[in-house]
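Note that the chains take the letters A, B, C and D in the order they are written out, and that residue 1 is the start of every chain.
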Amino acid sequence: MTNASEAASPAPPARVERALGLSLYRVMQQCRLLETRAQELFFEGLVRGTTHLGIGQEAVAAGFAGAMRADDYTFCTYRGHNHTIARGVPMAPILAELFGRATGLLGGKGGSMHLTSVEHGAMGSYAIVGAHLPIALGAAWSAQYRKSGQVAVCFFGDGTTNIGAFHEALNMAAVWKAPVVFVCENNQYMEYTPIGAVTSVARPAADRAAAYGLEPIVVDGNDVEAVHAVATTAIDRARAGDGPSLIEALTYRHGGHSRADPGKYRPDDEVASWKARDPIPAFRSRLEAAGVTAADLDAIDEAIRADVAAAEAEARAAPEPGPEVLETQVWADGGSSWRN
Amino acid sequence: MTNASEAASPAPPARVERALGLSLYRVMQQCRLLETRAQELFFEGLVRGTTHLGIGQEAVAAGFAGAMRADDYTFCTYRGHNHTIARGVPMAPILAELFGRATGLLGGKGGSMHLTSVEHGAMGSYAIVGAHLPIALGAAWSAQYRKSGQVAVCFFGDGTTNIGAFHEALNMAAVWKAPVVFVCENNQYMEYTPIGAVTSVARPAADRAAAYGLEPIVVDGNDVEAVHAVATTAIDRARAGDGPSLIEALTYRHGGHSRADPGKYRPDDEVASWKARDPIPAFRSRLEAAGVTAADLDAIDEAIRADVAAAEAEARAAPEPGPEVLETQVWADGGSSWRN
Amino acid sequence: MAEMTYRGAIAAAIAQEMDRDPSVVLIGEDIGAAGGVFKLTEGLFDRFGPERVRDTPISEQAIVGAVMGAAMTGLRPIGELMFSDFFAVTWDMVVNQIAKTRYMTDGQVALPLVLRTANGAGLRFGAQHSQSIENWAMAIPGLKVVAPSNPADMHGLLAAAIRDPDPVIVCEHKALFALKGEVPDGEHVTPLGEAAIVRAGGDATIVALAAMVPRAVEAAAALAAEHGIDAEVIDLRTLIPLDAQAILRSVAKTSRLFTVEENPRVGGWGAEIVSLVAEEGFYSLDAPIVRITTPHIPLPSASVLEDLAIPTVERIVSTVKRTLDEAK
Amino acid sequence: MAEMTYRGAIAAAIAQEMDRDPSVVLIGEDIGAAGGVFKLTEGLFDRFGPERVRDTPISEQAIVGAVMGAAMTGLRPIGELMFSDFFAVTWDMVVNQIAKTRYMTDGQVALPLVLRTANGAGLRFGAQHSQSIENWAMAIPGLKVVAPSNPADMHGLLAAAIRDPDPVIVCEHKALFALKGEVPDGEHVTPLGEAAIVRAGGDATIVALAAMVPRAVEAAAALAAEHGIDAEVIDLRTLIPLDAQAILRSVAKTSRLFTVEENPRVGGWGAEIVSLVAEEGFYSLDAPIVRITTPHIPLPSASVLEDLAIPTVERIVSTVKRTLDEAK
């Protein structure tokens, strides 16, 4: 693993304690290595339909997941692999779902855009922009009503700040003081369009916070420690009953929007400068500066590589779903019968 | 006509010139007297279905309409009688529409909630909260594209600021620099619920302006001169190509939300204090202080009373729509045929 | 048995279920302190408090989204949409999120929720406040759809909807709010998916729903009295699950089928009933199947026009009579 | 005649109409500089500039509302909804505003607008990006609905939709984007409301739409070759206006009717066709009318499951064969 910022000034040491640091690193690498492989497999034709990768945005997923309680709720988008992995969902069923196999996380019914694992608190990946913000608010309301102390964390993109559901959810969450943290991953683009071209303010989330009586919070979304700190504060605040937060994490997707999109609409130097700020090597340098050995980190990488390979082998070997599942689980009786 | 603020300090003289002053006064009285009569007729059973009166809010309608060009566009809500009258739509077809008669403004097909008169620039009254904000933006976009110099003015309530369409329209209008003026008539209530109970900021519109890169503008919506001044500035700005404005006009409806609602959920002293600030007697006092005689104003009142009575007689005499119109005007060929 | 209005049955059923199950909560616009614009939830706020009966802003997407999020995390929420026309504002939440999530997650997510709404015409509210949207909901896999025609069913079916493990759309017909009827004492719950034969007859089957049921019954009486035609009237009560067997059994006996619906002409629920019988009951039929519907128009506000638009007793009578005459 | 893809026909038809009429403008997400996520509008931005081909934020309500406002004030706007599933997000604008305004204003407001959208399944995009929503639109009075099955019709019907004085929903089928076919040279416009008999036959009528048309044609060939059944295939092309006479004429000849649709089982457009014939063509029929549909399920993403869900050539063949056998 080479460090993209080596040429620049030496990294300051990581501030978080060692165990947490290694865990944040591990999660980011799990995301990165699984997605990198998934992209190759998309081009091989094994991953079908579509994928939306979060390569480059791993620090947001890892930083938040690391600050959550096991029973907290994650709501994310079609660009949700990272968040699903970060909650501890195993890789094999994720890959199998991307392949459309019977052993997939959703039995092959949902696909890449809808990864969900309720037992891990991964409450779904939603593919209609904005829809999950009100849903996350609802989970938070439920936690509030049940006095369970749970918090809902809801991730979405910069482009999502311009749709109506965003506005409704933010207002209602603020009025209800619901324990929900809204996290805008501002990766600068809404599909192929620069967010600035379609947004009336410079910071699509932060500049809207005051419209809901909230503080504007911006964080370097490529700095996993900074994300973790902001996440901890917001989650604690929500859990304490002090209401929602809206956080804008500045980040970048290294690749295109989805599928085979090469992302050519972006200036080369912009891409290069963000890649130079890749969150993973940056954090690796900090860990090393704090005394973690390269060997320890390499061992983590290797273990993850092995996990990815094993997951891939398992997913490849898995059967396609059979016709008998086509009409199951439409209703709670397990079937699809709408008549007698 | 007694002046509710007589007990207080004497009114300062009106600042606007006499002709404009009389015109603003006349429009407010037209609104007031027609609606007052419409309410009586609702209780008599002549006005059917529902009505939403703007009694108490006339200064907003008059102030804006007085600042508009004849070919500018008005978009309003189910609480739209005032805005329709203010654009010069005659009273008889309005009342006939409320009665459901064949001579109604919409032939009896639309009713109180949908008053429209395209020839007067009254581009419709919309009964789904928030829907007309994007539509008004579209008219403004059209004017911008056609370089016609027209401006769209869009009125809506405080409760409307919490629905998604509000957010989408404001953002897109700002990005497109569309010639549209959004006017929130903050009458303090969303139906029976105080707006503060369901809104995350104190000023539902003004506190959201910055979220669209706009200036917060608040105006005393019961002061027709102040409204007219703010309207002129915003409309000029839009016409000059400098983009949209969002204006919050503070006002109050004297009666209930709709139909037979007596509005009992409102504290008595709140109602009393707003009634003491009734925009019509307040402006009358200012006109008188500026030298308009009571006789001149009484003559205006009398003429309007006569107009209302004539409109009522005409509407009462009008026939009910016949079965032959039931299926007309679904499509542009004039009919409703969807098949051969 | 207590006499109750259709309106009163709504609050009574909700109260019954809230008493029984603390996970039942209710949200909507003006439903709390104000008791709802149609007074459908009167008394619930005082009885169950602001935590369980919660007023919302005008944010239908947030209301329905929140109901979904709450349902997937342990509550049994009820959301009110003041008018069924407003489903259009939050249709994504209903059809893309609520209806599909159980399937998409292969059963991981359960959504025991109810969306209640004032549906239908008759109050001269015009095109944006008078629609019957039960056919929109029926066409979406994953939703159940209920539309009661009387106080007892309103109570029983709403209670069943609240207990149901799936999302249920409950259409409360505006024109029936003041209708009075007997409601059984004690815990009254009526299973979803069972049609009611509200009048037995051998000459023709008339299938109706909600406010069209009393009209169909009146028409059947007139057909018998004036034309000697003995019609069977079926109140579907729930569109999904659909009691297809009740319809097929009836047509097997009568050989003639009519549907009476408020939906506009094209694509109403009647078309589904017709299609079912045209396939599975075809050999029983001895006359064309006729749908009696609103014309394919938005609803007008003027009283005379609205009355003309919605199927009337006279239209039902004359349609059945003419069809049977021509079939002879 | 030039060979063109279905995808290419879209941009070509829009360009033809933009050239002809300066009031035609186009808005949507990523349609401008990027040429659309499916490359359906490629080249238009360069040719007509940012004033006429405008990128929008992710704001479907604002897009459709703006299209309406522009249409009522002198433009002929075209709005693109990237996937037809997103109609749900802006359904209010479509059904409560656009569809009803001409009627509610007694003809004062004209709405010459087009909403184009990528519709249908086959790309393994899952339940929220694969729906066929033409049946939703068909059920709303005031909307016209077009769903072409080949490049020539795509070009001709889209041009006609743009010229039409009413709001038209144009469903562009995702599975057909790459389909090639001949498109007439010169100004090519195809009137709305005329079905096409794509295969003549006397034994059964198969009514299909969009991506189901090629399957119905293939099935008809197999029925003829393997079973000696000579089926007539009708491509509806537009649902509203509906060419009811073409269907009734065909059934008068064949006495058997089948519909093939991507819509889920309940409440699809097939039910409307069945109902029409069950009333007006009843005495011609000598077999049950059978709809061949997707099951009543959200669409699954896995290839094998999606392929099983959508009507296949085999399913059409076996259904027609079985029904005719049983009717003998």
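One rule holds in what follows: a residue touches a chain if its C-beta (ideal position, glycine included) is under 8 Å from a C-beta of that chain, and two chains touch if they have at least 3 such contacts.
All values derive from a computational prediction rather than experimental measurement.
With centres computed as the average of Cα coordinates, no chain lies farther from chain C than A. More inter-chain C-beta contacts link the pair B-D than the other of B-C and B-D.
Here the spacing of chain A and chain B, counted between their Cα centres, is 46 Å. Put simply, the C-alpha centre of chain A and that of chain D have 36 angstrom between them.
The centroid of the Cα atoms in chain B and the matching centroid in chain D are 41 Å apart.
Across the assembly, chain A contributes 109-110, 114, 126, 128, 162-165, 168, 171-172, 175, 197-199, 325, 330, 336, 338 as residues in contact with two or more other chains.
The set of chain D residues touching two or more other chains comprises 56-57, 59-61, 85-86, 88-89, 92, 96, 103-104, 126-128, 141-142, 240, 265-266, 295-298, 300. Only residues 162-168, 170-172, 174-175, 197-201, 207-208, 210-214 of chain B touch chain A when the two sit together in their complex. Here chain B touches chain D in the complex through residues 73, 106-107, 109-110, 114, 116-118, 123-124, 126, 128, 131-143, 145-146, 150, 152, 164-165, 168-169, 171-172, 175-176, 325, 328-332, 334, 336-340, going by the rule given at the top. Contact residues of chain D toward chain B in the complex are 25, 51, 54, 56-57, 59-75, 77, 92-93, 96-97, 101-110, 112, 141-142, 144, 164-166, 193, 240-245, 276. Remark: chain C residues 85-89, 91-92, 94-96, 99-100, 103-104, 126-128, 135-136, 138-142, 240, 263-272, 274-275, 277-280, 282-283, 285, 287-291, 295-298, 300 touch chain D in the complex.
Interface of chain A with chain D (complex): residues 48-50, 100-101, 104, 108-114, 126-130, 159-160, 162-165, 190-193, 197-199, 265, 320-321, 323, 325-327, 330, 336, 338.
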